[in-house]
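Okay, structure first, notes after.
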């Protein structure tokens, strides 16, 4: 019998670390095979520190970013990380790149997918990636796309946390306790040497989401003592047998 | 060891049948003790057929509505149904009535609560009941309210389906398969003799929500063949250990 | 055969003039009997000019406001104007006042109702009046409220234009050409001697809404040459036989 | 004198049947010439049953879908049905295809247009079609586009009902009684042999929208006894002479 | 010449510390006289730790909460702190209490006001306090309320940060650098001995809002190096002479 | 030392006049160098009057529109006006055009930017221009875009007023007093000979926005007597040292 699977669609090569590194490590620990697609390296827009180095080139930045992302993926027990190298700021995915993503979705057959918020005025690559993910999910469900392949079911698409949540109309409906894998997330975060200014920021986020976990699981009357958590917004309704 | 519990806060005495009768019967079948509070009988505003009878009185309408509701509750295996008799069109709950509801919440200690949508331009009693439920949930969490009593944790408040969903800004995020208890819900519906014009309507709703269940659980690629379902909107984020 | 009817619920005694004076005069010209309920005189909050007069009293302000409103109503061919004198800033309507409004609604049996926007951070009396109107509309539909009276059908509730539309989440879906009765609206406006600073403002509004009428009726390719118009937002869906 | 006209812009070749078949047949019965543009056949994404047949090809699916759509159009008394064959899942309309649509709009000069909801996370082709319709409507109004042609006025764009309304932020403001043409809509629905699982679903929708029609036209106090109805959301404000 | 002034309306006696302690201390340092109104002590709902003490009474809790709040106010250089003692969970302000608040507003004549978010499903006292503040601001502007008193202008109402921002539809449009007074805010926070579990939480909030300050003031290309900040949402538009 | 700067991104060559002519002239008077980019001339969609002239050509329309825009820019003391000539109805900006805009943004290094509303169902070019502006702002911030150039900070993007504000989900949060430069704005407006039907419309807008300025700056209790104003919506939060 095969493992359960999950798929992350990350606009830039570091996004999956800050925003859902805990979810990745936690599900890996539960036996999921987690695949990560980095649509770009974030080489132009999210690598300021590298560009400040003397004589830096685009290929040099990409290589450094890839190395960091691979190290982080390893720290999180990601099963495979794929780099589509589509360019960033702005990110663009043409028909061919989208078909590649459909191929990945169909091969992985994820239980759930993870991507960015639907809006982000600071970073138009993020909602662009989400729209690509939604379109490719739909294509992967089409019986007439590469007939004969295994058709995708209806995996949830979870939107992970953007940097300035309130500016991005992002509202979490699911809070995940990542306490047991926090050390792995922190290790992955520390692989992002070019963005050291964000390490403390995302530790604060994890601590405060854990406060939300405690409150929403019962607060001072039975709430669970989570130390670190991540929040997610669901696109589709859940189908359940018990409320 | 005691059973799990759930609590429905229904503005009028028939609302719990149309809107969450399936959820009630299903959780009862799973061993939950389900309590229903009817804030009013709906005696003025939702009893047109009774009022068309010669010589009908307010007490006569209330008695008839109570009888119907008790029969429906029995059909759904409700453990207790309480009638607050606060009046309807408009519904008003003063401090004393609200404290009574807090008492019920604390006694029941529900795993989850169910009430109306946050908006309803047709029926202002509905969102009023929901605001009462939210306030009483908060009071039940207060350590200084009747100190010494068992404090409430943080049960989810699910909003059940209003009559014209799109006019009420109601968006379901949870779809519950009620196929196995449909016969009970239909039997409860048929207890509502005064509102026979709604029987077919809510069967249609259940059938179409089941279509949504099938689609969101996988559609033609593995979706579950639910025949009847109910939809719910959550107020609070879920706290989970797995996505 | 009786005339068609319409009912305006105005928080303060001048609101009906600025916000729907054109609609009133136009429908009166079409043979409607238009009733106006002024819940208050706006004596405290919308009568600054009167209060600046030496020795002014509350009763003096009310009398002056009533006189202005009656003159405006006459200019608009209002059939009856009722003053509930409930006080303003803040407006409050208790059960008795609400029942009085229900009585008016049932007596008038309006084809449509008019009231304020659903939100207004500047003036909490305005959305309060709208909530009262919605609740009383619902009560007037209840067969158990004063059984034996004629039950209300389902009149549209149109929300007329607030002062700063965008701050009030007001979005017009209906634009009414009031060109033929503009002189009457202007005359009614000029009855409001205490608020002369608003005369030009609402003429500008009427002219610009007429521009919207022209654009939405065809623009430079067949649009109607309205000179003055008013905008309204509907609460309920229309039921039609033709799109 | 020429007939009134209407134009439907349908992303896939079956959408116009489920979502506005009643509106089409009703307006045809009133003497409108109704044109339907199917941007694609829905050959890849909405033809699962056909693809399950042994040896099916893309051209085979398209031919079958076209035949079904033509039969349905005939059943609904559509005057002309045009197939743009732009491909689906995903649908894309380039400049040339858009100019073709502008040509159709200008030739038809519709009283009103019909298309999809503004959002649909399940089906990105649907809102894409609506954006195309809005853009082409705008281009058809441009005096500098093919100067000398008859310029488009300002037809309403009605959004017809998506499959899971609440997930698509669709809110109907107009409910159309289609009782007298229901038999035609049902016949058209039955032309969709590949999607038999939807027949009952859309009959339920029509029955329940009729309940909304009854309620919003007066309910138990004078509401019209519609048996089948369709709901629509308007994009633009209406321009009227009477409320 | 008198000092500039500001007014905080706090539902419970600790809210002003967590949510706008920095704004208070900063404006005090700039020479503002800052007044704080605590509508309640939060004695029932926000004093769990006190209630866990053996033999605690309502008066005992209130006294302890008042002492903490006074100490915090002193740490923040508040000019006056007023306790309305209206009760909490639920908070209710009758006409008399509201008139008292109007009196305070008129006496203080604030440049700006601060209160809670417009929504909060966890804590209905918070939006209730904001609605009271908005209504009282309006009454304070009424020339007919206590004629002869100095009328209020149009101070901005800033909404300070609720505990779970995204669940409260709170979107900050203004970020205030509080670095220079952080020590005072931290000292005030530490006065809240009964809510020690929140100290780290709100330090995290302040650090992360400072990150937003840096980004929105220029980021890595000239942003200001704020270390601590607070966010606020404005209710009313600003009136300016320069963008 | 160099002047402060501002940048307007205008979809069509007249938009900057109606929508932010006052802001331009006012900031020019304060010493700002204001640059205007017209992405198109509005030659197809906003030049009806010109197209009605016998024998008019596309080039003729463009030349006339350019002349008008240059005259208006001069009247407003614009420092430079750039015509990208990308075509309109629909407007499209490819990678090369976007890079040109990034170049302008980096060269100008604006204190703030101005563009259209985020939505406009009448005119899809307007929100398209805003999305282009947001994307190019982001690219201009990327250290890896043309490394070595001066990186953009984080200028505010103000959205100026669309024609039918409520239909465009536009909500102004900033009102600018343009009284002192009104004569310049009126002169610029009168350069738009082809759109004379809009002159009075936008004077009405300016007068009514001034009413809002007066109210929001204190109303009858100290509000400033602005005669003409413009409204703007901000995309990003402000970073401030004082509320």
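Chains here go by letter, A, B, C, D, E and F, matching the order in which they are written, and residues are numbered from 1 within each.
We adopt the following convention: a contact is a pair of C-beta atoms (placed from the backbone, for glycine too) under 8 Å apart; a residue touches a chain by one contact, two chains touch by 3 or more.
On a predicted model such as this, the values are computed, not experimentally measured, just so you know.
Taking each chain's centre as the mean of its CA atoms, C is the chain most distant from subunit A. The angle of the rotation carrying subunit B onto subunit F, fitted on C-alpha atoms and rounded to the nearest 5, is 180°.
The chain pair from C-F, B-E or A-E that repeats the B-C interface, sharing more than half of its contact pairs by residue number, is B-E. Spacing of subunit D relative to subunit E, judged by their CA centroids, is 52 angstrom.
Separating the centre of subunit A from that of subunit B, both taken as means of CA atoms, is a distance of 37 Å. In subunit B, the positions touching at least two other chains are 48, 122, 141, 143, 167, 172, 212, 215, 220, 231, 236-237.
Each chain pair that touches appears in this list: A-B, A-D, A-E, A-F, B-C, B-D, B-E, C-D, C-E, C-F, D-F, E-F. The touching residues of subunit F, counted against subunit C in their complex, run 48, 122, 163-167, 170-172, 197, 200-201, 204-205, 207-208, 211-212, 215, 220, 231. Those residues of subunit F that touch subunit D in the complex are listed here as 43-45, 47-48, 51-52, 56, 58, 61, 88-90, 121-125, 167.
Residues 6, 23, 26-27, 30, 111-112, 141, 143, 150-154, 156, 158, 172-177, 212-213, 215-224, 226, 231-232, 234, 236-243 of subunit D are the ones touching subunit C in the complex. By the touch criterion stated above, subunit D contacts subunit F in their complex at residues 98, 131, 134-135, 138-139, 141-145, 147, 157, 235-237.
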